[in-house]
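There are two complexes below, and they share chain A, which is joined by chain B in the first and by chain C in the second.
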Partner chain A sequence: MKTMSAAAAAVLVTFLGLAAAGCGSGSDSSASASTTSGSSASTAAKGSDPAQKGGTITVLSAGDVDHIDPGQAYYSFSYEITYATQRPLLAYKPNSVNASPDLASAMPKVSKDGKTVTVHIRKGVRFSPPVNRAVTSSDVKYAIERGFATSVASGYAQAYFGDLVGAPAKATAKVPSISGIETPNPTTIVFKLKQPVGVFDGALGMPLTAPVPAEYARKYDNQTLSSYGLHQVATGPYMIKNNASGNINGIGYQPGKLIELVRNPNWNASTSWRPANADKILFKEGFQDPTVMTRQILSGSADVNGDTPPTPAELRSIQSNKAQRAQLVFTPTGGSRYIALNTRKAPFNKLDVREAVAYVLDRNAMRLTRGGPIDGRIATHFIDPSFGSKGFVQSGGLGFDPFPSPDFSGNVAKAKSLMRAAGYPSGKYTGKQLTMVADNTPPGSNTAQVVAADLAKIGLRVKTISVTHSTMYTRFCNVPKNEPNVCPNVWWLPDFHEPQAILNVTFNGQNITSVNNSNWPLLDIPSLNKQMAQAKRVINPSQRYADWGRIDKEVTKTAGAIPWLWEDFPTLFSSHVTPAAELWNGGAPDVTFMSVK
Partner chain B sequence: MSDPSLLVSPSPGSAPGDVAAPVPLGGGGVAGRTPWQLFYEQFRRDKLAVAAMVFIFVEILLALLAPVIVKAIAHPPNAQYPGALDQQYGTPTGPSSRFLFGVDTVGEDVFSRVLYGARVSLEVALFATTLAVITGVIFGLISGYYRGVVDTLISRVIDVTLAFPVLLLALGIASACSLGNGCVRGLIKPGLSTVVAAIVIINWTYVGRLIRGQVLSLREKEFVEAARAVGAGDAAILFREILPNLVAPIVVVTTLLIPQNILLEAALSYLGVGINPPQASWGEMIAEATPIFNTAWWFFAFPGAALLLTVLAFNLVGDGVRDALDPRMAA
Partner chain C sequence: MTLYIIRRLLWAIAMLVIVSALTFLIFYAFPSADPAALRAGRQATPELIAQIRHALGLDRPVYDQFGIYIKNLVLHFDLGYSYQNNVSVRSEIFSRLPATLSLTVGAVVVWLLIGIPIGVLSAVRPRSLLDRFAMGAALVGISAPVYWLGLVALFLFADDIGRIPLFGGAGSYVPLTQDPAGWFKSLILPWFVLAAAFAAFYARMVRGNLLDVLGEDYIRTARAKGLAERRVVLKHGLRAALTPVVTIAGLDIGILLGGAVLTETVFNIPGVGRFAYDSIVNSDLPAIQGTVLFGAIFIIVANLIVDIAYAFLDPRVRY
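On to the complex of A and B.
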């Protein structure tokens, strides 16, 4: 593990160096913004501002969490709540992409053959009311097992824990018992793998490893759709406000309106590295107008944006104001925004049509909808520059772009020639109107408008259904049977700092799930699936990065998903709080590290 | 609303809409004036209404010629020019010789979109209002003339519809028809037809109630009795005797409904359930522009001014028509 940590740190330093070098060009302000973000995040983590205890932090968001259940949550915004209330085996400090032991007492120990991973958990960690008892390794075992049940249907259980001995190949009606998860004593958990898995320890930082008490949760998990999320208990410094029976629905959780975190009375500060300064965290939802959100934060009536960045106009205004500029933190996300084309439906089941779309898209115009160069580099493949020699270089770096066009503004002539090759003699699609599900608020709605206009250039007329960002995922793009032809506002952040976490869940056909699906293009190419299965088993880091770099190129060439932005995400903090943006989670605020000044 | 019985004084057997021929006094020759002449003379005295009428004609002309004008001095309304955006932050840029009214958040020409937005507003103004008025007149005629069960049924439907706040009801209808393939098995599709449907469903009730009241009164008049006495059927009485005497209130209510309907379309588009991008609509443009009003005033100001002036013009014309048809206003 030490080797891996050092490598990740080196990558981060490399990226910051690249960013600083970018300043010299004088044309790409994202570089300086990234540098700013690095320093801001570090400042918070080092604690140079004296952290005060108490007070309330208010986070504003446009939409709701994807799922309130920690075993189902698979969305950057949801993690802001999950990691404040739950303790997975590993977790992340705000300025790091390297996991630290959280519920675990130390980093996992991997056997020489790479097939056994042993984790010891801390003593003194207890569940919040109404469970109240101490956490044991069996609770972690149950938490992972329930992820395989259809009632929970974790979006990544199969992808990251499917190699455990005894893990079911498909979701099961009841919570299965997985023989490859052993609990020899209450503080030890042993994972037995069918074959070595290069990045299994990375998966131990996912919220699915946060303990769940079986004797309390099973009755909820036995329902068709588990309602444990609405009765969840916490192990982190905060819990969602509940009643005596543990119900949070309508109390601390009002879907689409409010999530109220209060202190977990059973949290033992000596077992955790989270300062947890504030007494209460309010997630106020439903702020459809990002300008209102931004102004509330600037005026101090709220403290940070949770799921929606300031608009380009607001970014410009804030950047030109010396006092406000310090409140804005840009975080290199390590992920990419892309357009997902449904490869199961015509016309995007044809490679030529998908390639035509990749050529016709004006990626520069799309970036301008989010704030222009300040918001990051235009993406030409999926592994982000912040990965440096951990896959970015191996996938061709900045030089690899299978669909080039001048200034990234699209090549309509080439697109039309591909449409002709696809069987449309005029160079324009002549079939029925397509559907697109997009954000109903800027900047996502503006991006969708640009995409619609670009698609129209090759005859692809789209009907846009505008919904909130979380609804776009949970009701449409995450559900294959409801998936539209185009999902223009999807954004993938790596689950941990490994290229596999960028590519495997999202493009491996083996990981397509009926709900909570993250393979948005529904890409299922056997040869690619096979390459990914092999790359997952590579223990040697440099070989692994080379393999995933090659896979990145191949995935990009399928044009099932068309990357367009390696984003530096802007997070705006009020002047009343000490900022803390999560480098590992795309710049989301870490409420457990923020403090009220 | 003026009582139409005060506006015209029909006599049994007279031609529809006619007034009694003036009787010469003292043997002098006084030229008779038709109702249209009376209306015209009265209307033209209202300078504001005349100016508003001219404005509306110019606007209709601009809307009709929008493709030609845009081709000559602007850009297609749905074409995006990202190069016209601020390249550092992607924000809209203001009026220039290339883009007369500046560009919006995705680089579309605001001038072209304001011009094409006029088409939507005028379509709604004329088409939706006409449909609502025709529907209201038909149901009002039937309800007031036949009375009894038919009247009770129609009146209760009107009462229930009017019990809802207009915007709330319009939002509900528009929302229901804005997803999927629309409503009524795809007959009402999301977009303009949904807005038109919402306007018709709501506004026919106002017209219907007004017409019903007038018909209840007119059906008891002597000229209706006379028509019935000479053997005229229900249809003949309704459409040849009663309807012509409703022209004045119909014209007045129509001119007053038009600006309301333009505003309702703008409100629905503003709230995201009316006209959707990329089709240009003033309401939708204002909705997009509101959050960035402080940095891109042109994006808000031009569609806002167009909406304001159009609604004002139709209101002024409506007032002028009402006054001109009201004999109490005659000098």
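On to the complex of A and C.
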């Protein structure tokens, strides 16, 4: 684990400089750990400062978890709870994007043909009350299988475990038995794949692999919608406070109000690398005003922001205060924000018009709508700098910008020349008004205004439909038949630090679906699809990152989606705690590594 | 009177059905997020979303869904389960009612204790310095948005982030049964913030009504009979002037019991209003329906109580 002191910052700058010059070594072992702060981050995790044991850590959040069930949880905030209470086969230390064995006793062994993956699990891991028994490999098998049942409906089971032999092609009414998951003995689990899967390690770090005791969970999973989440048992250092029968609803889980983690009495510290310093973790929810939340953390009445960043104004104020600056940690989210142009509809079915848009956009002004440089670096392609040699370097690093403009403020002259090449002699579009579906609240609505103004410079007049963020996705931009010409507020965070997790779902034409589609530009280029299909099967990491780096460049050049921000997430810690932010999870606090001073 | 109450109750039931139907229609007629897609997650396949839609009953015709909802409501008082977290909407609302009730009752006491005396004093001495000051302050109180006022109150007086730390801050609410002193401390700021606009409005209303009443013939008669001015104003004047105040107060209380959304949000009080807010953000139809229905019930019941109270306050009213 690396921390970002002044010296480390210098290392990062050097690294980024090398990346910009295209001098990456290509090694797969040096993914950047680029969490930054005014002073130290994750000192507890580093081990240089013996952490205090005991006490309570209070995390503030605006909203609730997306799902309390570890088999369903899929949001960054939910993972703060899930990874503190559950033990997937693999997991991540705070400042790393490389998985470490968690429930597994060692990293998975992959056969030469890439189709068999063997994992041994640790002995001495036990379920929390009321189950109280030792975990076996069968519990991991059941956990993955239940993700395919309609009652659980894991959002990613099909995407990452669909290549298992015997995996159902669609969700099943009951929890299926998957023949491709074998458990030859209680501490061994073997995954048989139909074809090699390059990112299977990443999948094994998802919470779906956290064990679930079938004999206890099945009655809940057999319900129309499983309520196992409300009766869950833990394997991690903490558990959600429950009653004797295992119910957490209204006890440790009060939806929209509070999630209370207490120590799991059956957790064996010798089986885990998590220090789990605090005795209790309180996730207090419903803090809708980020300014109040920020002030409460600075005052010490709470310890860290769980899901909402401080406002840009607050961040600037904190950065100008020497004492407070030490409490602020910036972490690359690993994802990028971009403008999606519908390549199926005129005029964006023409490459020249899309390129013109890429040139005309004032990406600096767009970034200012989210707070300016404090919010992150302007993106010029899709793989984020935090990927380091896991694809970022291979895609050209900071030196790759196919649509350059001075200070990223746009190049109108170049854009107009491209419009002329596209058949608009005046350099301006003369067709009918276009549609854009955008957020109805800042900062997304402000970004959309900047985009609309920039598009107007080359004659692209847009009618903006303003809706809530989730409506924008689920009713418009995710539904091809309803998709407008422009979706200016889309954002993609990878599930783990593999370039495939950034590029495949979002730009592979094979993944365009009638609903819940995340290929927002509706990009469907056979040669690109083929390259992605091949890259997905590459087991050798160096080769895989090189392949995806090349794909990143090609996708960017299509200008179907125009990246404009590699966003950082600011995590503010109170002066009462030792910070620990998760680089792998977009800067979310790792409560198992934090400690009360 | 009994017949009147029965008639009103029947109307109330019809009104609740209409409100529920309208909520359903609004949810489906206007663009809102797809609950099945939200529940499924971003990498879910269309087939999985279709299966979730089926499991939630969202693939049935709207009238069918509404029929099932009403049937469960009438037969079991079942408001369904949240799409978001699968918890019972009825239980969730009941668990949040004490917070909303605490906020509302306290605020009502505050605004009546402030609004009525100021209104009376202003009416007794119209155009005096006191009257002008009170009505000016009332105008400010009515104009100040609750959200803004709440933030100002927190930054000034909250014991964690305030300049003059006196009272509990955002998120400090504890139930009365758990810690009475903590409950009181946590609600002082929300009570005053919520009451500010109401107190101002009620002061202006009492002043206006009382001025009108004090000009009536029977008041002149009372004075001519030699009654003390205090008795004239408080017994004969104020009683008549309060009749419309009771009407409005009943409605206001009903609305607030349905959820004081902004105050609960800014002070992070886990009441029905915040539940409604969260439900709308998450496109959680059963939760939206439940909170709307509860709000409607409170308003209707409050109206009924007001109408009955009228008979006692105004001897001319008969049912």
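As a convention for this text, the second predicted complex is superposed on the first by the 361 of 597 C-alpha atoms of A that agree within 3 Å, B and C clash if a C-alpha of one lies under 4 Å from a C-alpha of the other, contacts with A are read in each partner's own complex, and residues count from 1 in each chain.
One rule holds for everything that comes next: a residue touches a chain if its C-beta (ideal position, glycine included) is under 8 Å from a C-beta of that chain, and two chains touch if they have at least 3 such contacts.
The structure displayed is predicted, hence computed values, not measured ones.
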| item | value |
| --- | --- |
| Which superposed partner A:466 touches (first chain B, second chain C, both, neither) | first |
| First, second, both or neither for A:315, with chain B first and chain C second | first |
| Chain B versus chain C as contact partner of A:151, first or second or both or neither | second |
| Which of chain B and chain C A:291 touches, first, second, both or neither | both |
| Which superposed partner A:446 touches (first chain B, second chain C, both, neither) | first |
| Chain B versus chain C as contact partner of A:71, first or second or both or neither | neither |
| Touched partner set for A:335, first chain B, second chain C, both or neither | neither |
| Touching partner for A:515 - first (chain B), second (chain C), both, neither | second |
| Chain A residues touched - chain C or chain B, whichever exceeds | C |
| Contacts of A:370 with chain B and chain C, given as first, second, both or neither | first |
| Overlapping contact positions on chain A, where the chain C interface meets the chain B interface | 289, 291-292 |
| Chain C - residues contacting chain A, complex | 31-34, 37-49, 51-52, 55-56, 81-82, 84-87, 91-92, 95, 151, 154-155, 160-161, 169-171, 265-266, 268, 270, 274-275, 277-278, 281-283 |
| Chain A residues within the chain B interface of the complex | 29, 289-292, 311-313, 315-317, 319, 362, 364-365, 367-374, 409, 440, 442, 446, 449-450, 452-453, 456, 463-466 |
| Sites on chain B touched by chain A in the complex | 78-80, 82, 85-92, 105-107, 179, 190, 272, 276-278, 288, 291-292, 294-296 |
| Complex contacts: residues of chain A adjacent to chain C | 60, 63-68, 72, 74, 150-151, 153-156, 158-159, 170-171, 224-227, 229-230, 249-250, 254-257, 284, 286-289, 291-292, 295-296, 298-301, 467-468, 470-471, 473-476, 478, 505, 513-516, 518 |
